[in-house]
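Two complexes come next, and they have one chain in common, chain A, joined by chain B in the first and chain C in the second.
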Partner chain A sequence: MIRLEKRPQPSRAWSLLTPLVAVIITMFAGGLLFAALGKNPFEAIRVIFYDPLFGEFAFYYRPQLLVKGGPLILIAIGLSLGFRAGIWNIGAEGQYIMGAICGAGAGLAFYPTESVLIFPLMVIAGALGGWAWAMIPAVLKVKFGTNEILVSLMLVYVAEQMLASMSLGLLKNPEGFGFPGSRNLQGYESAFNSELIAGTGMHWGVVAAFIAVILSYVLLNKHILGYNIRLTGEAPRAARFGGVNPTRLILFCLGISGMLAGLAGLFEVSGPAGQISIDFNVGYGFTAIIVAFLGRLHPVGILLAGLLMALTYIGGEIAQGTLSLPAAAIQVFQGMLLFFLLALDVLTNFRIRLAAKGAAA
Partner chain B sequence: MKLTKFLATAALTMGLATTALAEKTKVGFVYVGPVGDGGWTYEHDQGRKAVEEAFGDDVETVYVENVPEGPDAERVMTQMALEGADLIFTTSFGYMDQTLNVAKKFPNVKFEHATGYKTAPNVSVYSARFYEGRAVQGHIAGRMTETNTIGYIASFPIPEVVRGINSAYLHAKKVNPDVEFKIIWVYTWFDPAKEADAAKALIEQGADVILQHTDSTAPQAAAQAAGNVITFGQASDMSEYAPFPRVSSIIDNWAPYYVQRTKAVMDGSWETVSTWDGIGAGMVGIGEISDRVPAEVKEEAEALRDMLASGEYHAFTGPINKQDGSAWLADGETADDGTLAGMNFYVEGLTAELPQ
Partner chain C sequence: MTTPLLSLQGLTKAYPGVVANDAVSFDIQEGEVHALLGENGAGKSTLVKMIYGLVKPDSGTMLWRGTEFAPSEPRQARATGVAMVFQHFSLFDALDVAENVALGMENPPPMRDLAQRIRDVSETYGLPLDPGRTVGDLSAGERQRVEIIRCLLQDPKLLIMDEPTSVLTPQEVEILFQTLRKLKSEGTSILYISHKLEEIRALCDHATILRLGKNVGSCTPATTSARDMAEMMVGSTLQTPTRSAAPDGSTLLKVTNLSAQSGKAFGTALKEISFAVKSGEILGLGGVAGNGQDELLAALSGELLTNADTIQIRGEAVGNLGPSQRRGIGVLAAPEERLGHAAAPNMSLIENALLTGAIRQGLTRNGFVNWRTTKAFAEDIITQFDVRTPGSDRAARALSGGNLQKFVIGREVLQAPDVLVVNQPTWGVDAAAAAAIRQSLMNLAAKGAAIVVISQDLDELMEISDRFGALNEGRLSAIRPTTGLTIEDIGLMMGGAHDMEAPGPVAEEATA
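Right after this comes the complex of A and B.
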């Protein structure tokens, strides 16, 4: 009989191994799914995982991995700090939108003046926009004890309405023939977050994501604040006795995650997306939650998880285009990945014991 | 013959199958929803199948569904162009800037953007005069409503949608001066849950006719559950809800256009065009009017349809005032395409406020 025995300490080895094992099992189960759909499973897996990296057109897809992964990583890093301390910001999507609106708004206010100061100003506005939006659930939680999960999630829908209103009103392109959407920032040099080196996909948002990974690593490992965050998550009572101020921690964690989400929105709107439009947000804020957990809430893990997630998106699109796999099959495939990861978590916290029936109580 | 086949197979195996070897014309389609939406994307996919049927082995079609409007769309189009597509149809308004960006990078690939207004040497635009269908719908709706309240599920406040609302309202009002429109904006083309919620809210507000400018069949299901509400199929016939609640429909028929444009690429006659066809050219179809509609109303509606098709009657014929009371079209004057293409105002009588 198989028995699960709780480990005294979560296994470090398994915690590192499970993402890898989850990916392998997903490939296997996904292969079965694709085979059931009448496709060659080996070819499908190759198209999804290999072609974007080493295929014929990898020169185009590799940079795209950074473009797609950048915002995911940036947002997930912010979320992971809060998640570690048990502070659940589910509304990164809304903060992402507000960052984009504030940042793009700041840039468009100066149109068509060209100045090197405009882009830095937009970055600050974007960060502040996301931060302010996250401060709403933070302050409400601190002052009135509201649930930050609900408040931050609900504010996503408020932000979406705000986005629609901005696309149709204040930020609407005056030369757009009445169609919704702002001016395209790609055509406004001072505000355009272009590729830093052409053909690499490396724009300021990707740079910011890498910096966030490093800073978050330093914070968690070398700084007292990082220690407090980890302590609060692992042993809240001990943290309280240890003098950790929960109010400040809530304000900090929600603030920083909002700020990073806002930055991600700003870099996206001023770069790859180019304009504020009603459909600007495509779910990065929610996918980043998956990325944060897939990366084990660890900065380096998140970096890898973000790139892996981007890979499944891009590879999935190629598989649709070249193998006619339905989009739903790709989504199931992505779902499997998270499912297996969470299911395998059991190995981190429990030990599997084969024991004779009724041996131990 | 055998040798070429062998070579093609070999190239495929080595993952080298590109335009250089393939003589087939490759046509790509970028879809905003799933092919099974039963509406907008479904009809575009029918068009794709028609292309395959028309040209058989001379053509290869590929598609990617559920592509968000933004950088993802740009990547999907680039991927298709890289993989050797000769012609790419981008089938949503929101793909406009992305289509132009990618077209610039691939001057030898032809692009066709649906419902947009920006063209380039290798980018054509095409759309259908759906507002003609809306006129027929409005007529039936105005005659059928008992509560004098018509619900309208609107997607985005872009000219195409505003035109539809105006056209439906004008023709409903013509046959029923007491008619009132309640409009809910859902800011999505395809979201069954949101569309169902909107339909329910409209029904609760007393609407007994639901018009939709969104792509799923969820509003049809909501109307069916309510029991005494009629609907119209949108983009596709949605005949699975006929004869009731669905009493008629507007059908987008892209197939002839897609076949014609693919042929143009094959014989090298492709040129940039702006196509805007209506009922007359067959791009807009009126689905069968079910027998839940009284015979005389059906006759009137069909007469209206035929007059629109022949060009005898224009759906926007004056006198028409704008919502604020200012004059738009004088008696007998018809709207010009430029104004229609950028329509961003309601006509007089609509009480709702257009989101600005």
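Right after this comes the complex of A and C.
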């Protein structure tokens, strides 16, 4: 018989080890999935995990690691602060879209004026757009006690409609021959978030992600606000006793996560994506939830998890191309990762006892 | 000599870093009330958990009427005839008594039969209880009766009771003792864990004393003085708390017409509570659990906000200030619930020291935490209040209840508050530690602090407080000087008899 025994102290070793074990089990279960789809599982795993880094076309894929990892990390860092405090912003995708629309809108409003002030202005507009979108569930929760999970999630679909409306209406490229989508910001120097070091994929969004990792680490470990966030998640009653104002914490956590998601959207639209279009969002806001948990809600963990997730994205795309694996299979594969991680989480606080006859020893 | 009901032989159980039980041996005879005495961390809980099948001993054996007894799980122990009433009740507030009893049974009979059996048992043993009532509405004493009846329905041979009187009024304690004596006369053995030595002297036939996991002796409580037992338990001479001067200071804390709704379901609303505490004074507030204690503490600590004027500190209205602001002006509190309220279970003692110490100890600068001074503060608490832990980096939940209690009280006392409000300061704490905590509260009062002690331990309140009042359904009785109060007076105050009301019928209600 298997039984779980609560550890007196959460295991540090397991909390570090579980992501790794989860990745290994995911490879195994994913392999079975790919085999069931009639593909060679070893080849599929190699294509997903090895080829993007060391394969024949690695020079092309490696920069993609930062391009795709940057927004994931930036969003996940913001989400992790709320998740630590038990405030569940599931709508980062919507905030990402709104950040992109506001940021791109601010830039396009000045087209074709060239000025060094335009890009910083876009950054501010993007951050504010995401922040404002996240304030909707925040204020509703504070004022009326609504559930932020539902409200933030629903607002994703509102934001998607907004995106469609913008690409077909207000922000549509007047010189675009009637095609939906805005002007391409890659062709507008003042607004273009270009690669900072050629061939690395490094752009301002990646820089912002690294800064967010560092600031979040400092906040959580050195600052009383980070302590209050952790305390609220661990023991809400103790937090209230300790003098934490729950209202202010909700506004802060949702605000900061919305702001970072908005920034990620802005950096994406002004850089790799280039333009506002109907299919601009590709699910970074949702995948970032996985990244946040895969990284144990720890800034450094999120950094690594974001890169790993980016790898599965890139590898998944290659696998779709070369092995003609369905896109859904890749999504299931990513989902498995979160599933196994959460399942293994139990080992951090419990130890497994194999007991034959007799009870826990 | 006849075969004992249960014989423990060399039971040993070690946890990483600590030997909870080191070759403990003793016998429980048929039909005796056997006391198990010991300080916190002496290994009492581990020992009874082994008997009840929750923990497996590393070595040693148990003999049940001469045959080997090694329960692998509580179900097996129950089948043999062991029943246990835990210190913390495991009841569902929203269900009724019969449903709660049924949940704890292996094969519950149909509800109607069960209700009848509950009525029968409650009549036989003098434990009045209506099976149809919702548990959320019951007093702590009545909840305990649910647990006891649940055990009695299994017809146990050995009933283990862990600190059963900590939540009872004196009248309820008397009812419980009558029940236990009746059980004993019917041949049921009782293993009685308590740190209230007078109770043990009144009730128990034999006592086994544990210290640091070892059996350090046994005695016949009826012929041994409480002081001697306490000294065997602690292994040294016990200091009785002493007061120095009588209070004659100015009024520090004044509460006027405090009424507030409870924030939680099944909570008790506070109704027109008024009292004042002077510098150097200790006000003791008694009352059965669930009569507004938690809410009163929340209102005083700032977790529950009220009109500014209802709570005044040195004449300054503070009822609308939150916990941090109140700490700033010297009002500190220690809630009853240690894990989850007074301390965050998964956080280290250092982080828990920051929980209330941040403001008065100056542990932050511009919002940045100075972890070095925080650690020093935590270690100061640990040394000065004799908190037994391998280190300040341990999670709060890894400490035993009594040790964590010492930490929680020490954290507030060391911050030199002007007004300190504590709820159940020595709940589940052994005699020596309780004496130390009480002494620290008295010393604090002697230095001029105004202290409110909310407690269900009446002996404690009589020992340390200058004046006494009782909470009943959110109301506060008249406050009277402690000297000259009899147990009967107190029982009536707790039952809700106010000065102007006729005491007779209310007193009956209190014991019903």
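Keep this in mind: the second predicted complex is superposed on the first by the 352 of 361 C-alpha atoms of A that agree within 3 Å, B and C clash if a C-alpha of one lies under 4 Å from a C-alpha of the other, contacts with A are read in each partner's own complex, and residues count from 1 in each chain.
Assume contacts are C-beta pairs under 8 Å (C-beta built on N, C-alpha and C of every residue); 3 or more make two chains touch, one makes a residue touch a chain.
What you see is a predicted model; the values in this text were computed from it and never measured.
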Fill in: Fit-or-clash call for chain B and chain C when the two complexes are aligned on chain A
fit
Worksheet item: If you stack the two complexes on chain A, which partner ends up touching A:234: first (chain B), second (chain C), both, or neither?
Response: second
Item to complete: Considering only the touch criterion stated at the top, classify A:60 as touching first (chain B), second (chain C), both, or neither.
Response: first
Practice prompt. Answer with first, second, both or neither: which of chain B and chain C does A:165 touch in the superposed model?
Written response: first
Discussion item. Quick check for you: in the superposed arrangement, does A:225 touch first (chain B), second (chain C), both or neither?
Written reply: second
Worksheet item: Roughly what angle, nearest 10 degrees, sits at the C-alpha centre of chain A between those of chain B and chain C?
Response: 140
Discussion item. So in the superposed three-chain picture, is A:217 touching just chain B, just chain C, both, or none of them (first/second/both/neither)?
Written reply: neither
Item to complete: Count the residues of chain A touched by chain B and by chain C, then name the partner with the higher count.
Response: B
Discussion item. Under the stated touch criterion, which partner chain does A:242 make contact with: chain B (first), chain C (second), both, or neither?
Written reply: second
Worksheet item: Which holds for A:111: it touches chain B only (first), chain C only (second), both, or neither?
Response: neither
Worksheet item: In the superposed arrangement, does A:8 touch chain B (first), chain C (second), both or neither?
Response: second
Worksheet, complete the sentence: Shortest distance over all C-alpha pairs of chain B and chain C after overlay on A, integer Å, is 40
Discussion item. For a test of understanding, state which residues of chain C touch chain A in their complex under the given definition.
Written reply: 15-16, 53-56, 58, 70-73, 301-303, 322-325, 327, 333, 335, 337, 339-347, 351, 354-356, 358-359, 364, 367-369, 371, 394-395, 397-398
Response to the item:
Residue set of chain B touching chain A in the complex reads 15-16, 18, 28, 34-35, 62-72, 74-76, 78-80, 82-83, 93-94, 97, 101, 117, 156-159, 185, 187, 341-344, 355-356
Worksheet, complete the sentence: chain A contacts chain C in the complex at 8-10, 222-225, 227, 230-231, 234-235, 237-243, 245, 355, 357-361
Discussion item. Can you tell me which positions in chain A touch chain B when the two form their complex?
Written reply: 55-57, 60-61, 64, 67-68, 160, 164-165, 168-169, 177-180, 184, 186, 268, 272-275, 277-280, 282, 313-314, 317-318, 320-322, 324, 326-328
